[in-house]
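Notes follow the structure.
Should a chain be cited, it is by its letter among A, B, C and D, assigned in written order, with residues numbered from 1 in that chain.
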């Protein structure tokens, strides 16, 4: 018996005592961390290439390879992408679009989240007749390609008299952000103990009272999730931005498309990459700041079906 | 013969020390209950024995074999969990056989073991059902069955009855006891329910703060708790405590109450003036018995709590609340004046500072 | 009668606030989604060109649609892309989540690295991968530069594998979110299940496949909604990466719809194609969505 | 900016209605390549000089990206003041829906009919006898651009017609060149094919197919020759890995490719690159076979405005676009031919002069986009995208499908 025990362990002769021996380079760890590092490389590679390329001059790009670090670091492409790249006659780079994007994103995010959270709350906690039918329609709506809806929405906005205005664009973002966010909020609120909700009703709190005093204060994680989804979605939107606005209010993505697709002679990959990075900066920052809450919130909103 | 031996076991999660140099010695065929409030480390200890947690220092032996570094499956244990932990998408039969199939047991052997377990636990009609279609009690039976088919020497139970309602709990308790008598396996059972502990255990290990406070038979723990914590934790309704000090005689004295302690079996020499807690269980106090008690007093009934066969009568002794347990047929009314009396021999006295038994 | 009226005087006004609060949702569901869909379907039976007009031509648009090689290619491509994308994003997302769930060090670093592409748009994703997969600058050029002269990896200009080129980019962008959802799901699994499996001596991979994954059904459902709706709508990525080429090897239905509605100025044809897409979605999604979200009254 | 504004102000060259106050006009277009942008700048410069302001609304990515945006905005009730479309049928329905401004009055006042050459250009702008757009340039598709450097490297003489070019292809390939550069975008494929028709099969066949939509001719032996030539082009372009037309042009400019079939707007790119026609590159109208050029081009439409001041300014812009000075300045930059027959093009280079000569001889054909609906154009795009990318598709199969599209076109 004792022999068997001894030979079954590498540390033969030593009476097992204390924690199980774990070497740092166990096969399991090599596999685990090896895989994760490989995967991380795949995910980081494009970012690396973007950054490296954006810091090179054009000659270096033409003759070097994409993975080589820049021989001579230049910030010229960034400056150009931000302030002097041309589209047609406008040579203001992305700078013009940045503030437009901010102006579009902030109200759109606020309105769409407010509405989606109230929807989710009404669906999860108040369950009026027919609510589920509307919700099912919403979920199916999440599958409709945006392109299909462009025309009907043009007509709706025209009939409402808000075509081409910021209000119109905010409405569009609210509509298309509604399915997924309502789903998340509904799931989240459904996981709040019902006793809490009942107690509040017994205490005489009404629809709005419960929403503002009970539900809102305990929903930070899911609000963070919705915020990240909406900020990235709206900031990254190109289609609605180009169709439902005009040149003075074009968001950054439209400017990005213009810069990237305005080929003048050869493609200026370095400027394109710098412009791409600049455009992605805001959602990236938002994500990095609140990424931890995102994971927590996703757990609350998605897992409890 | 020793079945499970825990030697100087410590476990820390980061800076938090959950188990502190703990020792435990469980005999072959013994039913040991680990009892304590939540956070005392009882489940942690069980998980260490099972091999589900790695110890920080110390050793664990099962059947004389040092299993400190063994995988759970190689330790010769079966385990039952509070949340049943049944595999939800498998039938009962699947749940019972999954581990055995993985151990590559011959099919006939598996069938035999399942049949036996199902018979013992009377779950034959449930074999084709899925856990979702079972009641809580049935689920826990299946969970026990899963440990049973492993054909092991040591059973570990981690609060197996906590998720059940009171009636089912009582039923299953009896069944576990019957099972133990039938199988005569070693069983280690974690609970915070002292009734379970008292009814099931051959020996109870009362734990607190990562340490075993007392490891003894239920009777010893009930009658002779080693410290104030064990005394307070065991027994429902809890022991009455009177705070006071030792007077000459020796006697216990607390604002106007004087209890002669001549009949008390001191384990340590009391010092006059020493601050102590005097503990007496409600069932050890007699009410209107007419008998002559070493200590008696006339008190007024504050509140009466009928509990079915027994009734708890709340009175005041001096400034202390005192509960008395009487058969319901002899229940006084609140506001009545009654005579109470008890024998200090049945009492427990603890040092107020250290809490140790005197 | 009297009791009935006093018992529930106003079904319409019951939970009135909840109904008022749901008006935006009702508006979106009825006017935008249902209204827009009906409008689209109606006009798919017309010969509308640049502007919608009600001159009905029966099923002409559909006949033409189903005899158009490009549409058929689009459907085929979407099927291949969809199946591969579902399989790979679920598998990779789950495996990554499982790896991150092993109580490893630097979990949040790895998680951040895998999730960050999610913050970038498909347009950006498409551009970067177009650049990386460009045979003259990217991976192929690099590997050849290392000395492997015959190395060929040119998915964006090779009809037979272009869909994989798009898949690589799509997975890069999307698996982070799937991983996140899966990780959340894994963390929601009862610890005791793991312990029970360990005591039973079940190997870890078996525990995942036979016990944990079946338990994560709700997470898989949510994930499926998110991935599948993304697949049906895939457009930007294709446009940014390949514009549907080479040939029609990476054409997708959403692009067909867009091109015929707007650049071909044949709304009728575009609407017919969108109707077919919607129909497919409805056939697959509605019964399921109703069962999943509508029929079940968890708090009934 | 300031210097040229001052210069313009001093010259006060524009004969237009007096403008009391500055009005901002938003003009949308998809001209974003180097040559194109320089040309647009001429318009903006001239318009700004009238005291108004040109608000540029360029959308990159070509007409297919930009047109949906334009159309959505016009039908959405938030129209821009002026917008680019190609001549022909692209904007027809918008006109019919009454969303576009009628310029008949201005045209009569300024006598557009008297100076627009060829007059048929105005036909493209005319719906029910009224003029709705301002043609601004003449573009012809039928050009083969050849890189002298590429042929020198390959050691073969620069070809003078399509057949010689095809014959030279193996030599070019041997020298590591792409014989024929064609961008991946669908319109470039269709465009190249449409150039082959009049060059290989002649004007008659071209008109029968596109004007009369004669299915029999489309399926006939003349067109079979065209498909044979397209098969050659397909082989020669097999290694052309670029998307945009100007990237393809760039391959020719840098000598990486032998030639490109592309419209005269490619001229602008050669010019921006500082190349000289005849020494650095050659241009062969009608592929050097049939010297025919099509008369197509761009036009500006003016959606109806609510604002009175903008309506006025639209007229100013229309006049400016057609004024002789702007026409010259714009078209020299753009590489296209002015729509006025009465301007002096001394500054024009060899290629442009060749074009003007052909135009003067009247050897013109209509531009396919003017004859086909966008729907038909798109179907053709789909066909040729597939054809060029699928070596296994035989010319016969392609011709069958081609004839089918022509038969169903309206």
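Before moving on, here are some points about what is shown:
Keep in mind that, in the parts below, a residue touches a chain if its C-beta (ideal position, glycine included) is under 8 Å from a C-beta of that chain, and two chains touch if they have at least 3 such contacts.
In this text, all values refer to a predicted model and were calculated from it rather than measured experimentally.
For the pair chain C and chain D, chains touching both partners: A. Each chain's centre was taken as the mean of its CA atoms, and the one lying most distant from chain B is D. Counting C-beta pairs in contact, the pair that comes out ahead of the other among A-C and A-D is A-C. Distance between chain centres (mean CA atoms), chain A to chain C: 15 Å.
Taking each chain's centre as the average of its CA atoms, chain A and chain D sit 41 Å apart. The mean-CA centres of chain B and chain D are about 92 angstrom from one another, to the nearest whole unit. In whole angstrom, the spacing between the mean C-alpha positions of chain A and chain B is 52.
Counting partner chains per residue, chain A has residues 150-151, 257, 260 touching two or more of them. Those residues of chain D in touch with two or more other chains are numbered 68, 75. Contacting chain pairs (ordered by label): A-B, A-C, A-D, B-C, C-D. Residues of chain B that touch chain C in their complex: 47, 50-52, 71-74, 77-79, 81-90, 98-99, 102-103, 143, 146-147, 150, 158.
Here chain D touches chain A in the complex through residues 26, 28-29, 31-34, 37, 40-41, 44, 54-62, 65, 68-69, 72-73, 75-78, 80, 244, 246-247, 250, 269, 272-273, going by the rule given at the top. By the touch criterion stated above, chain C contacts chain B in their complex at residues 190, 192-193, 195-203, 206, 210-211, 214-215.
Remark: chain C residues 49-51, 64, 68-70, 135-136, 157, 159, 243-249, 258-266, 269 touch chain D in the complex. By the touch criterion given at the top, residues 1-2, 5, 9, 15-21 of chain A touch chain B in their complex.
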